[in-house]
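Read through the structures below before going on.
What follows is a pair of complexes built around subunit A, which joins subunit B in one and subunit C in the other.
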Partner chain A sequence: MLLLLTLCLVVLYWGVSVGSAGFVNLGSMPNEPGLAAIVFDIRLPRTLGALCCGALLGLSGALAQGLFRNPLADPYLLGSASGATLGVAAALVAFRVSPSAGHWLARLGLTGAAFIGAMVAVLLTLALARGFQHTFRLLLCGIVVGVVLGALCSLTLLLDPQVLQSMQTFMLGSTSYVGWNSVIMMAIGWLVCIVIAVPLGRLLDGLSLGESTAISLGLNIGFLRAVLVCVLALAVGLSVAQTGLIAFVGLASPHLVRSMVKVTHAHLLLISSVMGAALLGAADVLARCLLAPRELPVGVLTAVLGGGYLLWLMQKRQFSSTGGES
Partner chain B sequence: MNSICTQDLAVVLGHKEVLRHINIQIKKGMWTSIVGPNGSGKTTLLKVLAGLQACKGAVTFPGFDTQHPSRLQKAQYLAWMGQEQAGGDELSVYDVAMLGRIPHRSWLSAPSQKDHQAVKKALQMTHAWDWRYRRLGELSGGERQRVLLARVLAVESEIVLMDEPLSHLDPPHQVDWLHLVKQLVAEHKTVVSVLHEVSMALLSDEILVMDQGQIRHQGLVSDRLTHQAIERVFGNRIQIQHVAQRWVALPLI
Partner chain C sequence: MNLSRIMKQLMLCCLGLLASSALFALQVSDDRGMTLDLPSPAKRVVSLLPSLSEMVCALHACDRLVGVDRNSNFPLTLKNVTSLGSGLDPNIEAIVVLKPDVVVMSHAHRAVERLNSLGVKVLVLEPKTHADVERVLQSLATLLGVEGAQKLWRSIDAEINDSANSMPLKSKGARVYFEVNRGPYAASESSFIGEILSRLGTKNIIPASLGPFPLVNPEFIVKANPEVIFITAQEASTLSSRPGWGRINAIQNKHVCVIANHEEDIIARPGPRMGQAAAILAHCLLIHGRFE
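Presenting the complex of A and B:
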């Protein structure tokens, strides 16, 4: 945990220092007002934004995996991310704001739209899967809902080509629009999510042995699940509204944490959130460095890295399970 | 004195009547076993008794002082263990046993000294204490079963319901389980177990014989009528005999 926090700080410093012209020594900042402005207005909020967004994604991933009792559950597999994107697209078309708009009211509006979209998508998935019981049906429905909502989103954009350009950057996932308003919103949202979710970690522990066991332990699972689904939608909506689609951070962080330490869910939620922050923060810096002075959308980078990691994980799992049985 | 009573229970799942006309009294401080062929409704009955399955009719607990217990009060009074429970692979053995303390802990509080003691006692009773830091997913089937048993024991409830508690256990640990149940009964706790091994069930105090969703017989283990009822529901393919001062079920060849 401390290690990860240190890692976050390192990433923060690194992210602030790295510009389009490579690494700059921050010690010389007071002498160069131009550099100070760049650092404070652009790099700092952006790096902080990447950290916050990663924290939200890490949290939502751990939450989804615990809630659905499925290690493959991911905010993006349950359709919620597509729902959030659709919400954003609808808001863009309806109110003619740009996703890069920095005004806090615009940001709040986009976040609200994304939250509603994520919520609707999760509820739709749950309704189609007829509850939480059948994990496979749930994942299948999540994928179906994701695809359908994605198609609706594309349709919305086709009808209004003006938004197309701005939406495209958005769908690739990028932290370059993030300003101070977004950072503050994400930080507050993250705090709210953590404060609600971590005390409920015990429910996720109880749930891990199955629904019946959880009920027999006296847990009010209907109510608690509803609360956690809301938190999940809030976290996904917030992160999608600020940075667009960033894949695999939510899926990979809980796995990384679990492969390193044995933890109950309360700790898992917290640590995997910090892990997500470190991951996305690092990915963001990498995305800026790799092709400097040009910049990769960070979503593309996480998709490539995360996809690779997931494949590797599956290979390793297969190997260790056959090894364990022989 | 009775610990659990049911009035005319019936359960319909899909279009199938899984349980009907169940009127039983389970006595306090006794070990009752439920036996019957596959699909006779044993697991469903246990779930109904635990309040995990919606049903017609009523289940009452005469020994329970509160008329309308809260969820947590009920969870403290009655513990249930399902069969073949999957999941929880990432949790440590100790954390799994600690789940049994959920009904006793207030919201948000860290486990108390009493919780830790109960978990330690439960893990020691099932001989799982030595590997308390291992993950549940790393254990063999029998080891896992012993941890799940410890989880139920950690609740320290008055009534313990267990569905196929002996699955995956090797003979010495089956004997350990018998001692464990005897110990619970000596503490005046009520134990109800679903067992598919008839010879094991014949070591309990009382037997419920089920077939096709109905109770065919309820009686003491030593009662000849009980033996006949068991032999009948298993299509007279087994015979119950008295060997070495106890009753055993032998296959008819």
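Presenting the complex of A and C:
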């Protein structure tokens, strides 16, 4: 845990130092007046934003895997990814097709459109699954809603193919325009989610033993599950709205944590958050410095980093387990 | 005996060559490096790229267009021509039914292969720079058997020069930033838009080394501090909310050139309307370029 926190701090320092020209020593700040403003206005909120977003995704990934008792679950399972994409596509196309509707949507902003899209998708999933009771049904409805909304999104984009390039930055994830407002929103959101979810970690522990066992342990599954799904939706909605779809962080963080330590769900939620933050933070910094001043979409790097690290861990475990036997 | 036999074979060969060259009167090469042989100038043409449609019409061969893609909307007479879907994913059946002599389109590997296998001749032309436009105009003129490609190119060039000459000396070297799409995707010096901006005497903050339309780090733009920003109407409202952008010279002095929806088509296509594009860009630069 301490290691991860130090990692986060390192990423923060690194992130603030790396700009469009590569690594710059912060000590030279007094000599360059413009630099301080750039650091404060752009790099700091961007790096903090990446850390917060990663934390939200790590948390929701651990929640999703606990709720659905499926190690392959990722936070976008309830259709929120497709909903957000549809929201953004609708906002982008609406402006070009009818400027009056577009002006109204412009005030909402793309982040607002994405958030509303994500929430609507989750509500749709819940409505189709008729409640929180049956996880399998919830999962299935989530997938169906995701696919259908994805198709609607493609249809919307056909109306005006010129927005395809703008959509690409959303769908691959980007921390380019994360400012202080976004950081504050995500940070508060994360605190709220953590404060609600961590005490409910017992429910996830109970659920992992099976539903009947959980009920016999005296846990009120129905209500608590509903609360956790709401927390999941909120966390995913916030992160998708600010930075777009970032693959793999939600899926990989809990696995990375579990491969390093054995913890109960309460701690898993917290540590997975921090792991997600470190992962996305590192990816964001690399995205900026690899091809400076060009930028890589951050979603590409999270997949490469997270996937690579996971593979390495798996190899190491296999190696050590076979080595231990012989 | 052997000698006369050889002579006969030689004569036959020569006759054969003459015949084949008469059979294929036209040869046009395309962007794939492949040469297309046609017996006569194309009379029925399908165009699947808006800039190519505009070029065909500018060469006064608009009536030969029997089918265009969904986005070919200029000149307005093209509204009456059969629409064939998107340029990259056209309706193959509709194209074949039209029985075109040739289809001009950009690179869309599967569509080109499919059309070729169905016996339709395809010419892949994808203009990306000014030099490309000149070359493609010539190719199209050869294909259509018309004159006037050189004249057309000279008139486009002259229009751009006129716009360049209308720029006052004071605005030479003004730092500009042209945003193509949210991302931010910018137009660099090596793109066709960048070339127009360079000819208007401005300095693009995005160097050619980054490629024609790179995805840049917003910090780079803030550091480069452009004096004029070109942006679409849709994104213009978001400029002030971008973190750190409030310090940019262009935004503080409100030197933001907003490109209206109807102007986007003119500026975004490397074709015969590049002169008009230059005029639109020059008009805005005259208002916003260095008049303090």
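Keep this in mind: the second predicted complex is superposed on the first by the 231 of 326 C-alpha atoms of A that agree within 3 Å, B and C clash if a C-alpha of one lies under 4 Å from a C-alpha of the other, contacts with A are read in each partner's own complex, and residues count from 1 in each chain.
Following the convention adopted for this analysis, contacts are C-beta pairs under 8 Å (C-beta built on N, C-alpha and C of every residue); 3 or more make two chains touch, one makes a residue touch a chain.
No experiment lies behind these values; they were computed from the predicted model shown.
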**Fill in**
Chosen between subunit B and subunit C, the partner touching more subunit A residues is C
**Item:** First (subunit B), second (subunit C), both or neither touched by A:199
**Value:** first
**Request:** Name the contact category of A:215: first (subunit B only), second (subunit C only), both, or neither.
**Result:** first
**Item:** Partner chain in contact with A:294 - subunit B first, subunit C second, else both or neither
**Value:** second
**Partner chain in contact with A:166 - subunit B first, subunit C second, else both or neither** = second
**Message:** Let me test your reading of the model: by the given contact rule, A:176 touches which partner, first (subunit B), second (subunit C), both or neither?
**Reply:** second
**Message:** Just checking: does A:264 make contact with subunit B only, subunit C only, both, or neither of them? Give me first, second, both or neither.
**Reply:** first
**Message:** Once chain A of both complexes is superposed, is A:42 in touch with subunit B (first), subunit C (second), both, or neither?
**Reply:** second
**Item:** subunit B residues within the subunit A interface of the complex
**Value:** 47, 50-52, 70-76, 78-82, 85-88, 90-92, 95-96, 99-100, 102-103, 107-108, 133, 135, 148, 151, 155
**Request:** Sort out for me which residues of subunit A touch subunit C in the complex.
**Result:** 19-21, 34, 37-38, 41-43, 45-46, 92, 95-96, 99, 102, 106, 109-110, 158, 161-163, 165-166, 168-169, 174, 176-180, 288, 292-297
**Request:** Give every residue of subunit C touching subunit A within the complex, in rising order.
**Result:** 71, 86, 180-185, 210-211, 214-220, 222-223, 233-234, 237-238, 241-244, 247, 261, 264, 268
**Request:** Spell out the part of subunit A that touches subunit B in their complex, as residue ranges.
**Result:** 69, 199, 202, 205-206, 208-210, 212-213, 215-220, 258, 262-264, 268
